[in-house]
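Following are the structures in question.
Both complexes below contain chain A, partnered by chain B and then by chain C.
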Partner chain A sequence: MGMTTLRIKKILFPLLFTAFLMPLLCSTAFASEGGVFTPRLWVWLFAQLHLYFAAFILSVPVFVLILELTGVIRKDKRFDRVAREFLAISVVTHIVTVILGVIFAAVVFSLYSNLSGYMYKAFSPTVKLYAAIIIIDIALLYLYYLLWSRLGSGRGKLLHLGIGLLLNLSGIAIMFIANAWTTFMMAPTGVDASGVVVDLWQAINNPLWHPMNLHRFVANIAFGGAIVAAYAAYRFLSAAREEERARYDWMGYIAAVVSILALLPLPFAGYWLTSEIYSYSQQMGITLMGGVFGWMFIAQAAVIGTLFLGANYYLWCGFERAKGGAVYRPYVKYIAIVLALCFLVWFTPHTPHLSSLELKEIGGRFHPLLAPLGLMPAKNIAVNIMILATFVSFLLFRRAVRSSSVSWAAIGKTIQAGILSAAVLNIIFLGVYYGYFADSVYKITSSIPQVLTTLFALISCSVIEFFIYRGGESVEHKWGGASERSQYALIVLAVSFTWLMGLMGFIRSAIRQHWHVYTVVRDVSADAFTPTISYAAKVVSIITLIFLAIIIVIFRISHLRRAGEDR
Partner chain B sequence: MRHGVLKSIIVGALVLAAILVFIKLFIPEVTPAPPPKPYSIKDPGEMTIVDLLMLGESTFRGRGSCVRCHDAPGDRAPSLKDILAISIETVRSEEYKGKATDGWAYVLESLIEPDAYIVKGYGKEKSPMPKATRNLSDIEIKAVIAYLKKRSGLKVDLSEELK
Partner chain C sequence: MGAYRVILLVTLGVYLLLKGIGFVYGVALPSSVVSMYVFFTFLVTVLIISVTDKGALSLTTPIIEFLYKEEKKKLRKVVFVVLPFVLAFIAYAFTKPSYEEPFTLRVVHPAPPRIVNAYDRNIELEKIKNPIRELTGDAYEEAVHDGGEIYFKNCFFCHGAKLDGKGHFAKGLNPAPLPFTGKDTIAQLEESYVFWRVVKGGEGLPEESAPWMSVMPVWEESLKEEEVWKVVTFIYEYTGNEPRRWEK
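For the complex of A and B:
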C-alpha cells in the first residue's frame, strides 16, 4: 500500500506541478489576444503535442535499429539491451500519440471545418493511405517489440532486423505524407486559378516537401535522442545501485551522442528549407526573417546557443570518465570562448528597437559596430564555427576513453588540426568577403561553400580519426562515474530542444499569416492575426510543460514496468 | 541519489523559466500588423482616378509587398524614392539591355519581367524580385504605376493609365 502511494505521488507530482505553473504562465496577454480558449489555441495545443510525440516515436526506432545492428556486428549484448529499453519507451508513447492524433483531427474538423474539408477533398487518397500505414506501423512496432527475445539469434535476428527496417520505412512514409499536407499549406502547387487541386502529385511534390522531409527527419532524431538521454539522466539520478547508475550513464551517453550527431547537420537542413521558402515566395521569406518573426529568431538563436553549450558541456564532463581525459581539459576554455563569441554573434539583432534618445545617441537605426553582426553572413560564420567547435569537443570526448596503436597518430592529429584551422579561415573569408564586399546576391549563395567547407572538415577529420583509433583499445574508464552536473546538461538539452521545436513549428506555420493555405484559402476567423512574441512564447512554454509532464508519467510507467519485469 | 524525478523537474523548470525571462528582458514586444481586410476591386469602367490611386497605394504598401524590400532596412532592392529620374537615367544608359523605351515602360518591365534588366548590385543573372503577375492582377499593376507617377509629382490621367 505504501509503495503504491509513493508511485501515485511520483506520477501525480509532475501533473500537479504543471497545473500550478500554468496559471503563472497565463497572464492578461491571453485575454487581450482573443482569450484563453480560442479555436486557434486548441488546434495549436493538440497539433504541437501530437507533433512532439510523433517526432519521438518516429525517431526512436531509427536509432533502435542502428543500436541493434551495432550490437550484432560488435557482438555486444549491451547495445541490444539498451535498444530494447528505448523501444519499450516508444511502445507506451505510441498509444499517447494515436490518442492525441485523434483528438487533434477532431478539433480541426470541428473548429475549422472549411479548411479541413478543403484539405480532405484535395488529399483524400493520401489520407486513406496515411490511415492504412499507421495501422501497419503499429502492427510492425508490436511485432518488433514482442519478438525481440524470440528472434534473438541466428536467422531470427536477421528477420528481426528486417522488421525493424520495415517499421522505420513505414514511419518515414507516415512523416512524408503528413509533411506533404503541411508544406502544401505553405507552398500550394498543382492548383488551378480558383484554388482547386487539379494535380495531386504536384500538390504533394511541392517545393518545400523534400526540404521539410529532410529537416524533420534529422530534427526528429536529435529530439528523440535528447528525450531518451533525459530519460537516462533521470534514471541515473534516481538510481540506488551502482550497476543501475553504470547502465543509465551508458544509455545517456549513447542517446546524447545520437542527438549531438544529428544536431550538427540540422542548421544546414534548416537553411535549405528557408532558402526554398524564399525561392517560392520572397514575401514569405522576408516575413520569416525580416519582420516580427525576425525577433523570434533572436529567441531561437538564444535557445540554439543553449543547446550547443549544453551538448558541449556534457561532452566536457565526459572527459572525467577516464584518466586520459585530464589531458584534454585545458582545451575546454578555448572551445568555450569560441562558442560564447559565436553565440553572441548569432543573437545580435540587425535592427534593434530603439527609443528616440537611443537613436540620437547611436546616430541612426543601426549600431555602427554591431549592425554588420546582425546580418546573415555573420550568423552563417558563427553557426559553422559552432558546429566545428562542437565537433572538436566530440573528438576529444572520444579520445578521452580510447588509445591509439598506430605510429602516425601524431601526424594524423596535426593534419586534422590543419584541416579544421583552414576550414575556419575559409568560412570567415567566404562570409566576410561575399557577405559584405561583393554583389548582394552572393550574400546567400556564399553560404553553400561555407556549408561544404564545414562538411568537408567534419567528414575528412572523422575518417582520419577512424583510422587513428582503429584497432586501439578502450582506456580504462568507469561507467556510472559521470557527475550529476553532466546529467543536468542532458535535461537542459531535452527541455531546450522541446521548446525550440515548439517555437520553430509556430514560426513556420505563422508565416502564412492570415492564410490557411497560402494565397488560396484565407483564414477569415477572428484568430487570423499574428500573435505577439510573448504570447507565442507562453503558449509554447505551456505546451512544452504539458509534453514533459506526460513524458515523465510515461517514463514512470516504463520504470515501474521494468522494475516489475526485473523482479 | 534519491529524488531523481524532483531534480529533473527542477532543472527542466529552470530552463523554461530562463527562456521566458530572456524573452521578457531582451526581446521587444512588437505587435504585428493586423491582417489586411479582404477587398474587392472595382470594375475598371466604374473606377475614378482617386479609386485607382488608392488601389495603387494599398497594393504598393500591402498586397504587392513592394515596401518589404524597396527602401526597407537591409538594402535588398534599389530605392524607389526618386523613381522618375532613376528610370529615365537607366533607360538612357548604355548598360541597359531591356526593351523599354521610356522610364515608365521600364518600371512596368521591371514589374512583369524583372530579369529583363538587373540593377548592378542586386542580382547577377536572375533578379531576386518576383514577377508581379504572380500575385497581382493587371489593374493592380497599372494602379501601382499610377501611384508611383503621382508620388513623383506627375499628373495622372485615368484613361491614359487604364490603356
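For the complex of A and C:
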C-alpha cells in the first residue's frame, strides 16, 4: 500500500506541477483579452505534443535496428535484449502518438478550417499516402515486436532485421511527408500568382524540405536516445537488485552514446537549415536571428550549453567506472574550461541587456569588446570546438575501460592530439580571418571548411582510435557501479532536449509571423500576432512538463510490463 | 582546500577579472553579461568538483553536518533566523520602485519588409542593386566623393566625423546613432537594407519591437535616390567594410 502511494505520488507530482503552472499563462496581459485557451494555444499544445511523441517513435526503431544488427555481428545477446526493451517503450508510445495525432488533426480542422482546407486541397494525394503509410508502419511495428523471439536465430533473424529495416523506411517516409507540408508553409514553391498549388512536386521539394529532413532525422535520434537514457536512469535509480542496476547502467550507457553521437553533427544540420531560410527570404532570416526572435536564440544557446555540459558530465563521471579511468581524471578540468569558454562565447548576445546608465556609458547598444563575440563567426568557432571537446571526453570515456596491445599506441595518441590541436587552430583561424577581416562572401562560406575540419578530426581520430584499441582487452569494471549523479545528468539531457525542441520548433514556426503559408495564406485570426518571449517560453515550458509527465506514466507502464515478463 | 573555498575563489576571481577588463578598457562590461559569466563559472566549478565521489562528498558533507550535527546547533539557529531577513531584503530590493528608466530588449536590426514604397514606386528590397557599384574608375571615385559630401552635409551631426556614431548630437539621443565602423554593424547587412533604413528613417521602422523612438529622418524627403546610394557606398568605403553579399 505504501509503495503504491509512493508510485501514485511520483506520477501525480508532475501533473499537479503542470496544473499549478498553467495559471502563469493567465498572468500575461494579452492572454486575458481572448481568454487563456485561444485557438492558437490549442493547436500549439497538440502539435508540439504530437511532434514530441512522433520524434520519439521514429527514432527508437533506428537505433533498435542498429543494436540488433550489432548483437548479430558481435554475437552478444545483451544488445538483442536491450534493443527489445527499447522497442517495448516505443510500442506503448505509438498508441499515445496516434491519439495525439488524431486530436491535433481535429483541432486544426475545426479551429483553422480555411488553412486546413487549403493545405488538404494542395496536398491531398500526399495526405492519403501518409494515412496509408501510418497503417503499414503500425503493422510493421507490431510484427517487429511480436516476432522478436520467434524469429530469433538463423534465417529468421535476417527476416526480422528486414522487417526492422522496412519499419524504419516507413517511419522516414512519414516524417518526409509531414516535413513537406511544414516546410511548404515556410517556403511555398510551385504556386501560381493567386496562391494555388499548380506543381505538387515543386511544393513538396521546396528549398527547406531536405535541410529539415536531415535536421529532424538527426535530432530525433539524439532526442530518442536521451529519452531512453532517462528511462534507463530512472530504472537504475529505482532498482532494488544489483543485477537490475547493472542492466540499466549499461542500457543508459548505450542510449547516451547514441544520443551524444547524434548530438555532435546536429549543429551542422541546423546551420544548413538556417542558411537555406536566409537564402529563401532575407526578411525571414533576419526575423529569425537578428530580429524579434534573436533573444529566443540566447535562451536556445543556454539550453544547448546545458546539453553539452550534461553529456560531458555523464562521460566524466564514467571515468570512475574502472581503475584505468583515474589517469584521465586530471583532463576533466581542462576540457571543462574549454567548454566553458566556448559556451560563454556561444551565448554572448550581440546586443546585451543594458541599463540606461550602461547604455550612456557605452554610447550605443554594442559593447566594443563583446560585440564581435555576438556575431555568427564567433558562434561557429565556439560550437565546433565544443563538439571537439565533447569528442575528447568520449574518447577518454572509452579508454577508461580499454587497454591497447599495439606497440605504436603512444605514437597514435600523439597523432590524434596533433590532429585535434591543428583542427582547433584551423577553426579559429578560419572564423577570425574570414569572419572579421575578409569579404562577407567568404564569411558565410568559411563555415563550410570549419565544419569539414571538425568532421575530418572526428573521423580521422576515430579511425586511429579503432586501430589502437583493436584486439585490446577490456579493463575489468563492473556495470551497475555508476554514480547517481551521472544518472541525473542523463535525466537533465532528456529534459534539455525536450525543452530545446519546443523552443526551436516555436521559433521555426513563428518566423512566418502573420502568415499561415508565408506570403500566400494570411492568418487573419485574432491570434495572428507574435507572442512575447515570456509568453512563448511559458507555453513551451508547460508543454515540456506535460510531455515529461506522460512519459513518466509510460515508463511506469513499461516498468510494470517488464516486471510481469521477468516473473 | 575545501570545495566551497575553491568555488568561492574561482567565482570571485572571474568576477574581479571581468570587472578589471572593463576598468582597463575604459568601458565596463554590461552587468547582465558579467552576471551570466559569473553564474556559469560557478556552475562549471561545481560540476568539475562533483565528478569524483570524493569531490561530491566534499560538497554535500558540510551541508549535512550543518543540518544535523549537534555542534552546529547554534550556527543553525543563527542562519535560520538571519536567512529569512536576507531573502526578505532581496525581495524588497527587487520590488522597490526605481527611478531608473526601464531597459528594453531593443531589436537593432529589425527584419526589413519585402517591398518598400519609396520615390513613388514599389521597390523589392531583395532584388534592388546599388547602381554606384556598376561604375568603374574615376566615375566610381567621384560618386564616393559625392557621397562623402552628402554625408558631411547631412549625417555627420549624429553619426560623427569618424563614422563611429559619436557626432555632436549623439549624447542626447536614445537610441544612440549607429556606428558604421567595426565589423558588426553595416558589414553584417546587405546594401539594400542600409538603403531602406536611410530612405525610410525612424518613422519607417516596422511595428516589430516598437516603440522605436528613433529620430533618424526620412531621407527620401530631402535626398534623391542616387544621392542615397552614393552616401551608402561612401559609408562602406570610408570604414573599409564590405556589404553582406551572397555571391561575388
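By our rule, the second predicted complex is superposed on the first by the 534 of 567 C-alpha atoms of A that agree within 3 Å, B and C clash if a C-alpha of one lies under 4 Å from a C-alpha of the other, contacts with A are read in each partner's own complex, and residues count from 1 in each chain.
Everything that follows uses one rule, which is that a residue touches a chain if its C-beta (ideal position, glycine included) is under 8 Å from a C-beta of that chain, and two chains touch if they have at least 3 such contacts.
Every value quoted in this text rests on a predicted model; they were computed, and no experiment measured them.
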| item | value |
| --- | --- |
| Chain A as common anchor, with chain B and chain C clashing or fitting | clash |
| First, second, both or neither for A:121, with chain B first and chain C second | neither |
| Which superposed partner A:303 touches (first chain B, second chain C, both, neither) | first |
| Contacts of A:372 with chain B and chain C, given as first, second, both or neither | second |
| Which of chain B and chain C A:478 touches, first, second, both or neither | neither |
| First (chain B), second (chain C), both or neither touched by A:74 | neither |
| Which superposed partner A:323 touches (first chain B, second chain C, both, neither) | neither |
| Touching partner for A:332 - first (chain B), second (chain C), both, neither | second |
| Touched partner set for A:290, first chain B, second chain C, both or neither | both |
| First, second, both or neither for A:351, with chain B first and chain C second | both |
| Touching both chain C and chain B, counted on chain A across the two superposed complexes | 281-283, 286-287, 290-292, 295, 350-351, 353, 365-366, 375, 439-441, 519, 530, 533 |
| Chain C-facing residues of chain A, complex | 279, 281-284, 286-287, 290-292, 294-295, 305, 309, 313, 316-317, 319-320, 329, 332-333, 336-337, 339-340, 343-344, 347-372, 374-375, 435-437, 439-441, 443-444, 483, 485, 519, 530, 533 |
| Complex contacts: residues of chain A adjacent to chain B | 10, 13-14, 17, 21, 25, 230, 233-240, 245, 281-283, 286-287, 290-292, 295-296, 298-299, 302-303, 306, 350-351, 353, 365-366, 375, 439-441, 484, 488, 491-492, 494-496, 499, 513-514, 519, 522-524, 528-534, 537-538, 541, 544-545, 548, 552, 556 |
| Residues of chain C defined as touching chain A within the complex | 21, 25, 27-33, 36-37, 40-41, 43-44, 47-48, 50-53, 56, 100-101, 103, 105-114, 125-126, 165-166, 170-171, 174-179, 182-185, 187-188, 190, 193, 208-209, 242-248 |
| Complex contacts: residues of chain B adjacent to chain A | 1-9, 11-13, 15-16, 18-20, 22-24, 26-36, 38, 65, 68-69, 72-76, 121-124, 128-130, 135 |
